[in-house]
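Note that the chains are named A, B, C and D in the order they appear, and that numbering of residues resets to 1 at the start of each chain.
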Amino acid sequence: MDEKPTGPTETRTIEFTDPLATARLGMTLSGLEFLRGMADGTVPPPPIAVLMNMDIESVEEGRVSFGGTPDPSHYNPIGMVHGGFAATMLDTVCGCAVHSTLPAGKAYTSIEIKVSYLRPLQAGTRLVATGVVTKPGSRVAFAEATLAGMDGTLVATASSSLLVFDPRT
Amino acid sequence: MDEKPTGPTETRTIEFTDPLATARLGMTLSGLEFLRGMADGTVPPPPIAVLMNMDIESVEEGRVSFGGTPDPSHYNPIGMVHGGFAATMLDTVCGCAVHSTLPAGKAYTSIEIKVSYLRPLQAGTRLVATGVVTKPGSRVAFAEATLAGMDGTLVATASSSLLVFDPRT
Amino acid sequence: MDEKPTGPTETRTIEFTDPLATARLGMTLSGLEFLRGMADGTVPPPPIAVLMNMDIESVEEGRVSFGGTPDPSHYNPIGMVHGGFAATMLDTVCGCAVHSTLPAGKAYTSIEIKVSYLRPLQAGTRLVATGVVTKPGSRVAFAEATLAGMDGTLVATASSSLLVFDPRT
Amino acid sequence: MDEKPTGPTETRTIEFTDPLATARLGMTLSGLEFLRGMADGTVPPPPIAVLMNMDIESVEEGRVSFGGTPDPSHYNPIGMVHGGFAATMLDTVCGCAVHSTLPAGKAYTSIEIKVSYLRPLQAGTRLVATGVVTKPGSRVAFAEATLAGMDGTLVATASSSLLVFDPRT
């Protein structure tokens, strides 16, 4: 690798389950059943959770927490964990918080998210993201989320709006 | 893997260069030199670029484009590419567009980003993210970005504000 | 007014037309007809336009511009035009840009807006806000907007998502 | 007024104190002193507060609440209170929450704000906006805010980042 003069290389291997099979299973369950299945291991984690070292901490209706730990594979070119790591965790918990309020057969998708980066992130620091539904809805739902260290220090916050729809129409 | 009943597993291995060595090199170069080095292969890509299958398309002062292609490892639990993929690409080009305006020794960090998800993403679709500085600044800079398919169809947009600072003070 | 020791007082009087009557008229027209009526004076301006000294500059399908001039009544306590002035102009043109794409009988409402404040505003400076639909939609539409001085200098930008719905369902 | 055929007109007159005199006074006080002066009537309210029928409810370090009541002059053309009303209240309490953490001589300005519109607003409904600093800072501070009815029902939320600076440099 002549073109990479500045440092040693590392490799990382991830293993994940076919996400489309998981999604088909998901459409037969309520959001709460689906997420609780993911928490207890009967539903496989989505690939993005593996990529970002995320796991479910807790699930209740309208409130979902994921843990996650950035590693060197998440770094940006200026020596910090890329903002995409926090954005992915925060988008995940906003989406799952809304999902936890939906019956089987209802679908959702993120309309937008804003992420505020309060403090820089280091590899190896376990973080907890918690998403809360601020307003459920049959067409649009709103959620907000925090990302904090294990001592409670806020590192990022987010707000998101999500479209709720019937995928058969 | 008894706990993953719903589909076959896949593996993905990535290889990346020590990001802190790259970041130290970066502080000796102007943003434009650093990004052009990344484009011509003399500066290694950051790990996040490898993780998200991103590569630099073009670099000019105040305007940077990256290409990227989501794959199955970027999927969320509802059968779509996770919004974190688009957020990471858009955050990257907003940050790099601001970086391209900075002299050697100046640093930047994202204050916040808002991402609008206009259309869903599929694995295997090559995308181009372009970030443009809407206002440079010695303390705060603003950038906006688009993410589009190769036919120009917009799939996401973003706006971001970034702090510009001297890391020695 | 004993409790206001620091400076002379000014008064401002505004006159506006009953907004609910205007809104009822609006539901019988396409968005483009309604906005063109407002531009040519056959539909009265909404009160907020009077409050913010706004007037329509141009209307086409998916793209609407308003002019506006802040005055001393729009100041915040730290000696600048309040950010709410720019936010109101930008929200207006995002909403009207989406409205201009809707047939009679369809309604819209803002889901959210993000406003970036690039430069401070002074009273007496004529500004033009232009909103453009980045993606129309039957359920969610997206718009982006700029606010600029008459010489084209950007003073603020915004992105917004809007819900499109049938008010009879 | 031949060009306003659809409804009766109303007038509204506001009276406000020279905002630049108030701002000069403000620079000699800490943020907390300035805001408490506004709450107890020894500092005049800014014009925007008069325009939006706002008054201070409470001030403590890092947390500020304003009350406000929209009236017909705040209506948009589609028969609802314009989103700019909520945006102005939310921007105000985010800014004042950060101001309440600053010593005399320090200045701040909003970098950006995102406002989520959870429910529509009606004229005549008293609302309370509360802004809280989520992270103070010597260069950038972050604040979040809620807007709620007197029964606590959330009608809008916001997040904002603000630049903190020394106006003499």
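Note that in this section contacts are C-beta pairs under 8 Å (C-beta built on N, C-alpha and C of every residue); 3 or more make two chains touch, one makes a residue touch a chain.
The structure displayed is predicted, hence computed values, not measured ones.
One of A-C, C-D or A-D repeats the interface of A-B: more than half of the contact pairs, counted by residue number, are shared by C-D. Contact tally for C-D versus B-D: the pair with more C-beta pairs in contact is C-D. If each chain is reduced to the centroid of its CA atoms, subunit B and subunit D end up 35 Å from each other. Averaging Cα coordinates per chain places subunit B and subunit C 33 Å apart. Averaged C-alpha coordinates give centres for subunit C and subunit D that are 18 Å from one another. Shown for subunit D are the residues in touch with two or more other chains, namely 111-112, 114, 116, 159, 161.
By the touch criterion given at the top, residues 114, 116, 118-119, 134-135, 142, 144, 154, 157, 159, 161 of subunit D touch subunit A in their complex. Remark: subunit A residues 111-112, 114, 139-140, 159, 161, 163, 165 touch subunit C in the complex.
Within the complex, the subunit B residues that touch subunit A are 3-26, 34, 38, 41-52, 72-80, 82-85, 87-89, 91-92, 95, 99, 107-117, 120.
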